[in-house]
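In this document, chain identifiers A, B, C and D correspond to the written order of the chains, with residue numbering beginning at 1 in each.
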Amino acid sequence: MRIKSFRSVVKNYRAVFFDAFGVLKNHKGLIPQIEKTFEYLEQKGIYYYVLTNDSSRSPEELARWYQEKGLKYITTDKILSSGMLAMEYFKTKISNGNAVAYLGTKDSAHYIETVGLKTIPVAEVDLNYLDEIESFAFLDDEGFNWNDDINKTVNLLRKKNMTVVVANTDINYPVSKNDISVAVGSLADMVEKIIGKNFIRFGKPDAQMFLLAYERALQDTQLRRNEILMVGDTLYTDIIGGNKFGLDTALVLSGNTLPEMANIKISSSGIIPTYVCNSAIVE
Amino acid sequence: MRIKSFRSVVKNYRAVFFDAFGVLKNHKGLIPQIEKTFEYLEQKGIYYYVLTNDSSRSPEELARWYQEKGLKYITTDKILSSGMLAMEYFKTKISNGNAVAYLGTKDSAHYIETVGLKTIPVAEVDLNYLDEIESFAFLDDEGFNWNDDINKTVNLLRKKNMTVVVANTDINYPVSKNDISVAVGSLADMVEKIIGKNFIRFGKPDAQMFLLAYERALQDTQLRRNEILMVGDTLYTDIIGGNKFGLDTALVLSGNTLPEMANIKISSSGIIPTYVCNSAIVE
Amino acid sequence: MRIKSFRSVVKNYRAVFFDAFGVLKNHKGLIPQIEKTFEYLEQKGIYYYVLTNDSSRSPEELARWYQEKGLKYITTDKILSSGMLAMEYFKTKISNGNAVAYLGTKDSAHYIETVGLKTIPVAEVDLNYLDEIESFAFLDDEGFNWNDDINKTVNLLRKKNMTVVVANTDINYPVSKNDISVAVGSLADMVEKIIGKNFIRFGKPDAQMFLLAYERALQDTQLRRNEILMVGDTLYTDIIGGNKFGLDTALVLSGNTLPEMANIKISSSGIIPTYVCNSAIVE
Amino acid sequence: MRIKSFRSVVKNYRAVFFDAFGVLKNHKGLIPQIEKTFEYLEQKGIYYYVLTNDSSRSPEELARWYQEKGLKYITTDKILSSGMLAMEYFKTKISNGNAVAYLGTKDSAHYIETVGLKTIPVAEVDLNYLDEIESFAFLDDEGFNWNDDINKTVNLLRKKNMTVVVANTDINYPVSKNDISVAVGSLADMVEKIIGKNFIRFGKPDAQMFLLAYERALQDTQLRRNEILMVGDTLYTDIIGGNKFGLDTALVLSGNTLPEMANIKISSSGIIPTYVCNSAIVE
């Protein structure tokens, strides 16, 4: 597959959906020169949004990170996260006064609480008094003791039948140049298999994530799906999800798809991006 | 779970999404008295739509079946099928002049051709000249010789890397009171595992199917998701999909969830409908 | 399926293979009156062995538990564990001076060390000096910090390609009347999926576990497989494994297959024991 | 991994287990010069056996193929097939007068009949009279109409609970330089998923296949497992299975593991052969 310059690709679209990790940032911080891309998009009047499988923080907190790094373009309203889908789900479904038990950090739960819902970390659940616990959320891999709290989760979900939401479907995430960490999606997969139930999952490649971003874009302007470019570094989430939703897709080689492996990964996976670019930087 | 009358449930919604098989019809034909439901909905001004994992026929043909059985309410514009999503996908993605190879009946392909696309049954593909074949579709389990054409499909997809669309994700379907048939979704799963690639799938429980119906409903009236009731007989497609999309859901016991098994299936699956009703008949 | 008395069944065999948990013992200790069974077997000259998916302790320690409870019949030579298969594997495969890294308790590793092998808990591995680490073992779910050590395991196995052994394939185990615990087999499944490699697994239903017991029995007497009865409480390990190895099988209802669910589990799983008995007690 | 000459490797063992396809033969016939290997083994007094996941023909017929090609060394007693395990299973388990229904050729069933068992192709089964059908076998992908007979199999297995045996676990097999064919193992996987039951599978990498060969070897001479070399072209069956059974293993690059891909496949799969050789030819 021939590599195209990102400028030559992006100029033909009216809006761009960006994946965050591997596209705009990496383990060291912002990808150098990425601000040029947003200067270009602003100048051309092309809309842009960030789609992220992240339920560990609120859109406000996610945006603050970009602001602090000096990328002023990424504001709260530009961010669409799988955590927002989980929050929206609970807002509609949880009865008044009831609570959502969760695995994750206090921060990850705080976001759900902003709409008036009660949350309770699994560690604090009383297994003998579950009347108020109406649902369960896998929010983050941090903030709890895996040995104790995963076992307690298994037994909680065996004791009371409730809907379980996985707010981030990723199975791992990078923590340094070479190292990765188990993501909450993997912990959820393990618990689901042990108890034999069916969880609800939010996050790319699922269509609901793309729908969330599309609905946000429609608030800004009238546009059809084929006027949108999805930009990502991962075939299995960004590209196949974008393709299926009817978007054009650009695979960038600045993240977990290495340049020397791109062609072999495309042909072995059968996931074919519309374009391949070295990075999302408009040079 | 307490069983409620369908009338007492449906009256609180502004629109209803119906699954077809096991809800409106079964192997013998229309479910007796189901027309009463639509008389009631019409009288109350409640909108209704049919969501079906069926890619074997066009919405026109699917509607014609109801018309011929005397259920005049189900017209083409009420029908949303996974085949429509496949067709929409190909319309956006296939380059001018190129063709979609397929497994299925001529009828199932005919629908894709109505938007000007070329299709070719696998049996007629020349494996030595694949330049024009741009994509592949699993449309129907009938209309071809499984021995020859599934093997040919495997080798076609090994010879040329292309996007593969599965237009019906069901793994089986009922053909009589006791018997079922392998659905095209199972054939696709088998081929995908053999060649190790990633196919694109359309159909409940995937969010894109619910989005299609929601967008159609929005053309008729302004409404929020929680004003819609999804009615189905299958926990693993209709109910979990509806729940996840933010709809309220009613499990009916007139199809493949037997009354005596409903409670055990709900508790063992962890998929919890908002309501359980004996059938979708308004009595 | 008609329930038979265990006495009427067992009297026709020359040897018996017993699963341990749910058959000989449960969370409270020995199953009451189980000693009668062994008195009967001794009197009749029927050989007996215990097959257990347990890699947390050596056969000596496993036997000591029965001795301390007063069941003198279960001696070290009667016990065949999946841990023995792991130990045997490492004994043959690990080069002189090299070490096996592991997740588990010191006790679980101690057993491997009895044949002169070096072991090192993951927590103590230096990821920058892996020359001596030749293989990896999942031994027990206890004895380590899941947060830190599972993440470290993932990165260790990404840094150096080595054979990974899962010494207990169970995905959970009972800890009280109602509660279960995540077993090391589940942790191994999660890590295997994240790193995309293929682990070697020991334990029922795998044939190698039955072979180990059969070879032990052959040291005691000459007998054919169809002269052996496998007795277990779990269709998915004891019964399907025994059936496949050519043994007759007895499902007992004193463990995780509840009497009221036995028929439905047999017909829904397609795993058919030769006999069903209330327990393994000879009354 | 350094490539070694097969001669330098094999000379250190007392017995060799050979995979057939990709090692001794390919789609064109015998691999040229493979007879030299057997001349060498005979001269050195090294025992040899062929382990094949083939249930389409009896050992006699499999051996005849080698004889007709001029490789006189491969006689019936040298061949161990997954079909033999299926046959052995039915011989022990099927009650007098009862029958095994099957998918496959008449030839594949004929082999089972040689021990006095009755077989009946699915096409001839009367679904209203199943009293005599005691078990089911997936024997071969040929010899029947997939459309009709796979659907009939699904409904047969829903109507009557019986043990199902898959006599060849391969998911595909090569039919020419570039083309493959769906193997009966794939058809069995599809049916198993649709009906939700648990089948019994025979064939590499399962330990029972290696046990069969080891027991045969023990009839010829006294030897320990680590005196045996398993030679195969497939990491996922021959090599991981051999490793787990305690054999040393040699991956040969004359079959489906291409020389340029060997290192990447070993490191991505985590399946590590003891040796890598270009072929099994002793030059």
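General remarks:
Everything below uses one rule, namely that a contact is a pair of C-beta atoms (placed from the backbone, for glycine too) under 8 Å apart; a residue touches a chain by one contact, two chains touch by 3 or more.
Fair warning: this is a prediction, and the values are worked out from it, not measured in the lab.
Distances between chain centres, each the mean of the C-alpha atoms, put A farthest from chain D. With each centre defined as the average position of its C-alpha atoms, the distance from chain A to chain D rounds to 45 Å. The geometric centre of chain A is 40 Å away from that of chain C, both derived from CA atoms. Chain centres here are Cα means. That of chain A falls 28 Å from that of chain B.
With touch defined as above, chain A holds no residue shared between interfaces to two or more other chains. Contacts between chains, counted with the stated touch criterion, involve the pairs A-B, A-C, B-D, C-D. Within the complex, the chain A residues that touch chain B are 88-89, 92-93, 157, 161-164, 195-200, 202, 206-208, 211, 225-226, 236, 240, 243-246, 266-272. Residues of chain A touching chain C in their complex: 145-147, 150-151, 154-155, 158-159, 171-172, 178-182, 186-187, 189-190, 193-194.
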